[in-house]
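Shared between the two complexes below is chain A, which has chain B as its partner in the first and chain C in the second.
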Partner chain A sequence: MNILRVENLSISFGGLKAVDDLSFTVKENSIYGLIGPNGAGKTTVFNCISRFYTPDKGKIVFVQSTENGLRLEHQLTKYKVHEVISKGLTRTFQNVELFKHMTVEENLITGLHSKLKAGFVRSGFFTSSVKKEEDTAREKARDILAFLGLKGIEKQYAASQPYGIQKLIELGRALISKPKLIILDEPAAGMNPKETASLGALIRSIRDTYGVTILLVEHDMSLVMDICEKICVINFGKKIAEGTPVEIQRNTAVQEAYLGKEEQNA
Partner chain B sequence: MKKVPKAIIYSILTLIIALFPFVLGLPKPLMTLLNTVIIYGIAALGFNILLGYAGQISLGHAVFMGLGAYLSVYITSKLQLPFLLSILISGLVPMLIGALLGLAALRLEGHYLAIATLGFGVAVQQVFKEWIAFTNGYSGVRAPYPNIFGLVIKTREQYFLMAVIVLIILSLFAYNMLRSKTGRALIAMRDSEHAAQAMGISLFKYKLIAFSVSAFYAGVAGCLYAHLIRFVEPNMWGIELSLNLLAMVVIGGLASISGAIVGAAFITLIPEIIKNVPVLEHFKNISAVFTGICLVLVIMFLPLGLARLAAQLKYKYAKLFSIGRKISDKFGGGKAQ
Partner chain C sequence: MDIFFQNVVAGFETGSLYALAALGLVLIFRTSDVVNFAQGEMAMFSSFVALKVLQQNVPYYAAFLGAVLFAVFFGFIIERLFMRPAMKASQVSKMIITLGLIMIIGGVASSVFGIDTYSFPKAVTASNINIRGVIIQPNAIFIISLTLLIMAVLFYIMQKTMLGISIRATAQNENTARLMGIPVKKVYSLSWILAAVLGAIAGVLIAPTTDISTTMMMEVHLKSFIAAVLGGFGSFVGPVVGGFMIGVLDNLVGYYISLTWKTVIVYILLIIILIVKPTGLFGKVYRKKV
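What follows is the complex of A and B.
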């Protein structure tokens, strides 16, 4: 079963075709990698899916499984940026984008924004339903923090945490709304090999524990080859290969894109 | 024993303090001054929701106060409607107009928003000057004493109690709103618009909420001001007042409820204190100079404002203290054997 279908996606900035007729599908409950050399258009694809950009052409279909077993197909291009999360799709950012002046706990609860119902007038009077909602939200945040191994820092400011922890907090913020698909934008950026390895294990356990699908945009080959079940390689906005890590490693087009073409000897 | 929330304790303490003037018998000018502190506190509180929490600027907020003032005079004297209803309407109408100003904020950012709101302020002030039927132009309008269910509030002491009650209600509202979903959305929007959107926060909705709620507070403050001074004229609502609101919030402390009130007290009381200093009293506009200097000093040395003075000093001098303690330990100044 597919959870995400990207069909003939194209977008250009000025004269530059950043993404050119790209199609790929992501299977439910899988870890899917989107890789490519610098400037290949990975983040642009990513921003199209999360609706920060609107593609010139093409479809992005997100399949939402509802609780009563129905499967709803959403054309993501029809939604605004802030509406995407309520369909079950969240993202993280390449350069950690936490709310710096909030505590760790508040950061996570903000991830629940789309699920909380209180309007500003009801919040202002802090009715009992608001209080209950806040309490459950706090509990959920604590559960997630416990899962990430971050117990005890709930009341500390997000900005005062080290970079690695901030990345985890951002993951937690994406995870708390119980999404079906999380898209991670270069989660291993700025991490050393050891941290990257444990991040890989964490991403796997997130998939297994919460039953989410993960779409990964990544630079770090070790992470991608380690955890992705399927990989799509793009270069200059076009798909040049798709397959399992082993297939990708053997693919000559991929090797050329990353390492350059061998000179033809006469 | 059940723990009493801090907010309730502060509210009760404030209420008790509001009763002091009844027994102390303070002179009338001082009571007027204290009343204006509370009223500006309300306006600054609303302005802080906008500037401190939502990170949006407005340099025309004085006209929302003006609007509330004129509306209340019109409602109570021309329409002869009850004062409590007029407080509410004086808040609600600016709230709607604030939402319109919020629409501008969707398109503009930073300096451009500042300029646009400045223009808005100047334009509306001009409307106050020209719309004679509603405002009586430069001649101004007289406001009646507030009448609450037959109780006419005539003394400054009674007025102070009423203003403090309004301040407490609005502070509690702000406190509750800011610690739940709406408050987080505003702060999220200020800290990172991208991440806020990704979390499902509609910038459209929350910018409008920020502008309209802060305009509501300004409108209510304007209404209270009108009935305190009992006279309203267009020059009260100029750029100086808008900038003063800004100074109150920055000096008192951005994104802090108590900061808004501390800032309002600071800006309102400083000119009065300086008036009584022997040498300084001869300089014209010395209080404006002094306010300006304070603003610069606060931004440089206490960026979190006067309300968080203790925490900032503690942080700044923590190192110094720890060094001091080490030295005193070394030289036997520590624990006795």
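What follows is the complex of A and C.
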């Protein structure tokens, strides 16, 4: 069963076609990798899915499984940025985008706004139902932090944490809204090989524990080949290959995109 | 000693009005990083509304309430009409818009309400309390406690509630806030409404001292800016302490040193404080990792 269908997606900036007629589908509960050389348009695809950009052409369909077993198809292009999260889709950023001057716990709680029952303005009042909601929010934040192995830093400022921890906090903030699909934009950027390996294990355990589908863009091939079940390779905004890690490694088009074409008479 | 305390009490009274006006400034600044230069003009306009309501022979509290209700509407309209279309504009452009608002609101006020000066009653008119020779007006007690209460409520909302978290998140990173499902447009709308209400309260309370006219808020507005800078734009406690300090210092310097030089001396003191603590008394310094 597919959770995300990207169909004939195209977007251009000025004369540059950043994404050109791109289609791919992501299976539910899988780890799907989107790779490509620098400037291939990966982050642009992500920005279209999370609605920061509106594509010129094409469809992005997100399939939401409801609690009573129904499957709702959402045309994501119809929604605004702040509505996407309530459908069950959230993301992290290439450069960590935390609320720096807020505590770690508060950073996670922002991810719960889509779940607020009290309503936005009422959440500022002092009724008991609001208080209860806040307490559960803090509790959830603590649970997630414990899962990520970040216990004890709840009340510290996000900005004071080391880079690797900030990336985990961002991951936690994405997780707290109980999404069905998390989009990770270069989660391993700036990490050493050891950290990258443990990140791979963490991403897998997030998928297994929380039952989410993961779509990631990544430059670190060891991570991509290690955890992704299916990979889509794009170059200059176009899909050049799709398949399992083994298939991708053998694909000549992919090798050419990354390493350049072999000269025939060399 | 009596005279000293008398000056301090009077300082707290005017200081809390600076503080109320400053809280409105800080609120908008904290949600959108914009300094609202028109805060004083907005307060003036709401005070005129209070006056017009009072002229209908209704009790004082009805006029007060009328001004507050008008401010809700006023803040909403200003955000919708002037600030929201410029949402994507730079911080500087937005501040220039608020400068333009000074002229628009001032112009509309003088054409609607005229350029005359009107007197306005005090909120509490009970007889004065005499504590060992220091005379305290019940009105002063009312103003000071109202200011402290508003500060406490704002502080609580911003620091402890989900609403506060969404307001702070919007201020720090609008795009990410939106992605987290925070309705940032509502956050902006709400902060302008609250700021307008705070301004209206400050305006109505200061009206007995300054009288109501189109220029009534000039000095208060300037001092509220200084209160906010002195206390630090980053907190709600800071501007209140800053407001109190300016009010008290103004009075003491005026009485003991020189009435003509009091403003100059007070500002020199403030500059010295800012040299020692550039982020304001309560401003936090975040060490950025590089």
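A few points about this structure:
Operating definition for what follows: the second predicted complex is superposed on the first by the 258 of 266 C-alpha atoms of A that agree within 3 Å, B and C clash if a C-alpha of one lies under 4 Å from a C-alpha of the other, contacts with A are read in each partner's own complex, and residues count from 1 in each chain.
Heads up, the rule we're going with is that a residue touches a chain if its C-beta (ideal position, glycine included) is under 8 Å from a C-beta of that chain, and two chains touch if they have at least 3 such contacts.
Just so it is clear, the model here is predicted, and its values are computed rather than measured.
The superposition on chain A brings chain B into a clash with chain C.
In the superposition on chain A, A:61 contacts neither chain B nor chain C. When the two complexes are overlaid on their common chain A, residue A:82 makes contact with chain B and with chain C alike. Contacts of A:221 after superposition: neither chain B nor chain C is touched. Shared-chain residue A:153: touches no atom of chain B or chain C. Contacts of A:240 after superposition on the shared chain: neither chain B nor chain C is touched. Residue contacts after overlaying the shared chain place A:189 against neither chain B nor chain C.
Of the residues of chain A, those at positions 50, 52, 80-86, 90-91, 93, 97-102, 106, 109-111, 113-114, 116, 118, 120, 123-124, 130, 133-134, 173, 177 touch chain B in one of the two structures and chain C in the other.
Only residues 157, 160-166, 168-169, 172-173, 175-184, 186, 190, 284, 286-289 of chain C touch chain A when the two sit together in their complex.
The touching residues of chain B, counted against chain A in their complex, run 173-174, 176-177, 180-185, 187-188, 190-192, 194-203, 209, 213, 255.
On the side of chain A, the complex with chain C involves touching residues 50, 52, 80-86, 90-91, 93, 97-102, 106, 109-116, 118, 120-121, 123-124, 130, 133-134, 137, 157, 159-160, 162-163, 173, 177.
Interface residues of chain A, counted against chain B in their complex, comprise 50, 52, 80-86, 90-91, 93, 97-102, 106, 109-111, 113-114, 116, 118-120, 123-126, 130, 133-134, 173, 177.
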